[in-house]
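Below is one structure; the comments refer to it alone.
Order of writing sets the labels: A, B, C and D. Residues in every chain begin at 1.
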Amino acid sequence: MPVFTVGCELGYRVAVPTPFVFNVEAAQAASQRVLTEQLTLTPETPIERWQMPESSNRYLRFLANEGDLRVRYDAKVELAQAVFDPLTVGEIVAAELPLEVLTHLYPSRYCQSDRLTQVARRTFGDLAPGYQRINAICNWICDNVEYESGSSDVLTSACDTLIERAGVCRDFAHLGIALSRALGVPARYVSAYAYRLDPPDFHAVFEAYLSGPSGFAWYLFDPTRKSDPTGLVRIGIGRDAAEVAFCTPFGDVEFDKPEVWITSDGDATVPITTEAVVAESR
Amino acid sequence: MPVFTVGCELGYRVAVPTPFVFNVEAAQAASQRVLTEQLTLTPETPIERWQMPESSNRYLRFLANEGDLRVRYDAKVELAQAVFDPLTVGEIVAAELPLEVLTHLYPSRYCQSDRLTQVARRTFGDLAPGYQRINAICNWICDNVEYESGSSDVLTSACDTLIERAGVCRDFAHLGIALSRALGVPARYVSAYAYRLDPPDFHAVFEAYLSGPSGFAWYLFDPTRKSDPTGLVRIGIGRDAAEVAFCTPFGDVEFDKPEVWITSDGDATVPITTEAVVAESR
Amino acid sequence: MPVFTVGCELGYRVAVPTPFVFNVEAAQAASQRVLTEQLTLTPETPIERWQMPESSNRYLRFLANEGDLRVRYDAKVELAQAVFDPLTVGEIVAAELPLEVLTHLYPSRYCQSDRLTQVARRTFGDLAPGYQRINAICNWICDNVEYESGSSDVLTSACDTLIERAGVCRDFAHLGIALSRALGVPARYVSAYAYRLDPPDFHAVFEAYLSGPSGFAWYLFDPTRKSDPTGLVRIGIGRDAAEVAFCTPFGDVEFDKPEVWITSDGDATVPITTEAVVAESR
Amino acid sequence: MPVFTVGCELGYRVAVPTPFVFNVEAAQAASQRVLTEQLTLTPETPIERWQMPESSNRYLRFLANEGDLRVRYDAKVELAQAVFDPLTVGEIVAAELPLEVLTHLYPSRYCQSDRLTQVARRTFGDLAPGYQRINAICNWICDNVEYESGSSDVLTSACDTLIERAGVCRDFAHLGIALSRALGVPARYVSAYAYRLDPPDFHAVFEAYLSGPSGFAWYLFDPTRKSDPTGLVRIGIGRDAAEVAFCTPFGDVEFDKPEVWITSDGDATVPITTEAVVAESR
């Protein structure tokens, strides 16, 4: 099992005492095990913690006093990678979908799947259902949307991206989610430490709920094709970026560009591939 | 404690075997107790049930065979109404909001609170925080949006309603939710059996999370001012209408106009008021 | 030169005296000659006429009194059809475009070409410039958008149609115009009596400004592929449907479904084709 | 009659030969007389000129070679200001509007008046028609929209500004135009040299078509309240910013921040006021 060393260092300048919520810690899930971790706040500040049951997201909140604030996270995470044959992973008909995942079929703020039914059917409706169809959505996005820093902003949605054909990882994930849901496949947004992402940064990918050889599971997809899918360490999960932020300050603060890192402790010679993918059974 | 007799009868014509998900049963919650209830499917069909932990929504799913389908629900529900003084109900600062309600601060498909920060602040920012401010939002919506059947559709969002100034209960609730969240107040969508709604129908209202004399709780608001707030029997709760439907058929079906009813078993002489409101502590 | 008999009969019920503007008369242009025509108002009403210089649109206005109003138009129109080889018709570089057509490069209400630059380039950018490229846009629209009565409304724009992939002739024309402009080709909206359109109705098509064997001219395109391009009798021209309406009542009136007709006085055996097209040199 | 000295200096770096269209010269109109003017291109380049009949906009086009390009314009312009009593200026009923101005009632790319009918009626419908009502629209915009550099971009429309409540002069003008049209008042976008605008820049204002003591005319409005309305030297007129740009390069070029100036040759002691306004009779 490969082990990744991940972390981030975040800097803020706080003018008045301000509550912060962070979601930067690696998720604890069947598919990834946090071996060691450490969170350091400078200055030291009492922290309140909460793990969301339906997503396992780990939130921490504290009240930052005025002055400089530094948040540093370090962890070693083991990924339980299950390499599989994409042809063995199919879609799940509505009658068999667990009722608790239905919520990931619905349209959300930045993933207006309710408007994309026709475009999804016309573009991908004739493909065989399954992992390869969601992968075809990712290929289409990668081929038809320009990855361009600064081309989108926090209000940009999947419909905007489909029209304007430019965006960043967040927008690529939103469009992938919206098209998957429009085909009847539950999909959700995932923030992650992404191995080999260049330059290193918090990354956004998505998961689709499919039926594999060992049962139903969430499968990861990165339509930017910029990360190594065998090296994605999940942080937060949600309907879309509206629900997944690494930092939510409740007030105006200045901030530095985040420093983010991920290295592989094992053999890091595997090339980036879209075929070997990690399944998480939840 | 007043008791309401509620129910609905829904008719469908199914051309090919089709999975259905329903959410028509009254919620079981601290603020309302289901005394008796009966669900009848014609023809009889095996049912799968699931209650969503984070919302208490009660879902049922079954596979309808081709032919006519009738779904009838009957219940007696007791409402634990807590009449209170609105002036005693305040807003909750970000540092004290329970982390599990943060999700109801985020923008959602039909409630784009992220675009409405300025309009919310400019219109309601100078009012004292609390129940009365959310009530002022409702008054503003009722005064500035035309309630007009057929003026909106399933794609209509709070931004559309703010621009076009026409809608139905769903749209009024969405705008109320979006403006509340834009002010930093968690808000969520509620479908309900609504006493004195004329003509009777499934109704849509919203709840805001506020701090009352007995602690934090969700408070009901009906910006249409068309129902009796002391006679709202909750069915489903969600981020917005995208997550709350009384019926989701997975396929094309024909349907009749729903029949919906609610009567009061007790003294029904209380006039419709916006002042006496039921709090649900969850 | 083929001659077409065209006309319409329009009925209104007017509750209070209401000004009306109509644009139903066949345009008088180099490419079409109005041989005879008659306009009948019942009851008889004094008419004010105006022909817009930049479009040659013929407007008439009158004040309708309360009661029933009927407007009937009958005309015989000769079309000066120039069948040509599409391969001889190219695009015009910006340095050579007559400055008076630049206005048809700009985005308009329903044709947001400013948002479609990337999608136009990515989908049609590699095709050889010219008539065949605009024709490829029409083929793409016809193949990728569902023609579906009732699927759109008066607010629907080219961006909506590109997202939702359904519309009527108006929407097909808007998308064709927007994509053409996004490629740098001036394009404008045309309302027309359309030979062989079934059922008969006012039709919407578009024109692109191209360089043919006899010079620069506006070339007609019907992305719905529902009319005979050799039998399009132009009525009004504008940036998009916002500027081209057959009837604009300034007040609330009830109206009947319009009756519209067009028959060919000559040999009407030519099949519908996209290859033989009429050029108008203006 | 006051005389203003206006001008601009624009710098570009052109990588490949590129056609440019400029519209920076002061309009020649009944309300303003260009006394002297000079346009200098460095390097010297042959220019093609065209004046649009329906707007009197003066366009010039040339092919810039690779290298640096500088465009400088200098002019002295006399404004024929007609100070009037706002109470004597009314609106024009549809039956009496000249048919050639109807086009300025229609929605355009950035002024979606078709969506704003209700909001315009509900906010301004009870005010007496006339100059003062359009002025009330401007006051409302100035009071309810934040003037904030960088808060909008070239895709921002009146609906966006109404929702997000932030923008620059272009957005203020668009919202003023859209609300005026929604009330049935023809309105159009005007670019101008604006006296006392600080910092100096090309400015955007709008005109509404009203009925004054000397007949129908276009009246200027600046909802930003940042310029002196007695010192607006018109450059270009159009449906909205889509049709009015001071520079349109047909290719990618680098450009400097424009230098723009306007000084008064006469007595410049009149304070900025919204009451004394210049009418242009066209």
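Following the convention adopted for this analysis, a contact is a pair of C-beta atoms (placed from the backbone, for glycine too) under 8 Å apart; a residue touches a chain by one contact, two chains touch by 3 or more.
Please read all numbers here as calculations on a predicted model, not as lab measurements.
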Problem set entry | Given subunit B and subunit D, the chains that contact each of them | none
Exercise. How many degrees of rotation map subunit A onto its copy subunit D on CA atoms, rounded to the nearest 5?
Worked result: 180
Exercise. Just how far, in Å, is the C-alpha centre of subunit C from the one of subunit A?
Worked result: 47
Seminar exercise, completed: Whole-angstrom distance, CA centroid of subunit C to CA centroid of subunit D, is 31
Seminar exercise, completed: Expressed in whole Å, how far the mean CA point of subunit B lies from that of subunit C is 46
Exercise. Counting only residues that touch at least 2 other chains, which ones in subunit C make the list?
Worked result: 115
Seminar exercise, completed: Chains touch one another in the pairs A-B, A-C, B-D, C-D
Exercise. Which of the residues in subunit C come into contact with subunit D in the complex?
Worked result: 19, 21, 48, 50, 52-54, 59, 61, 63, 93-95, 99-100, 102-103, 106-109, 112, 114-115, 154-155, 184, 239, 242-243, 248, 250
Exercise. Which positions of subunit C touch subunit A when the two form their complex?
Worked result: 115-116, 118-119, 122, 144, 146, 159, 162-166
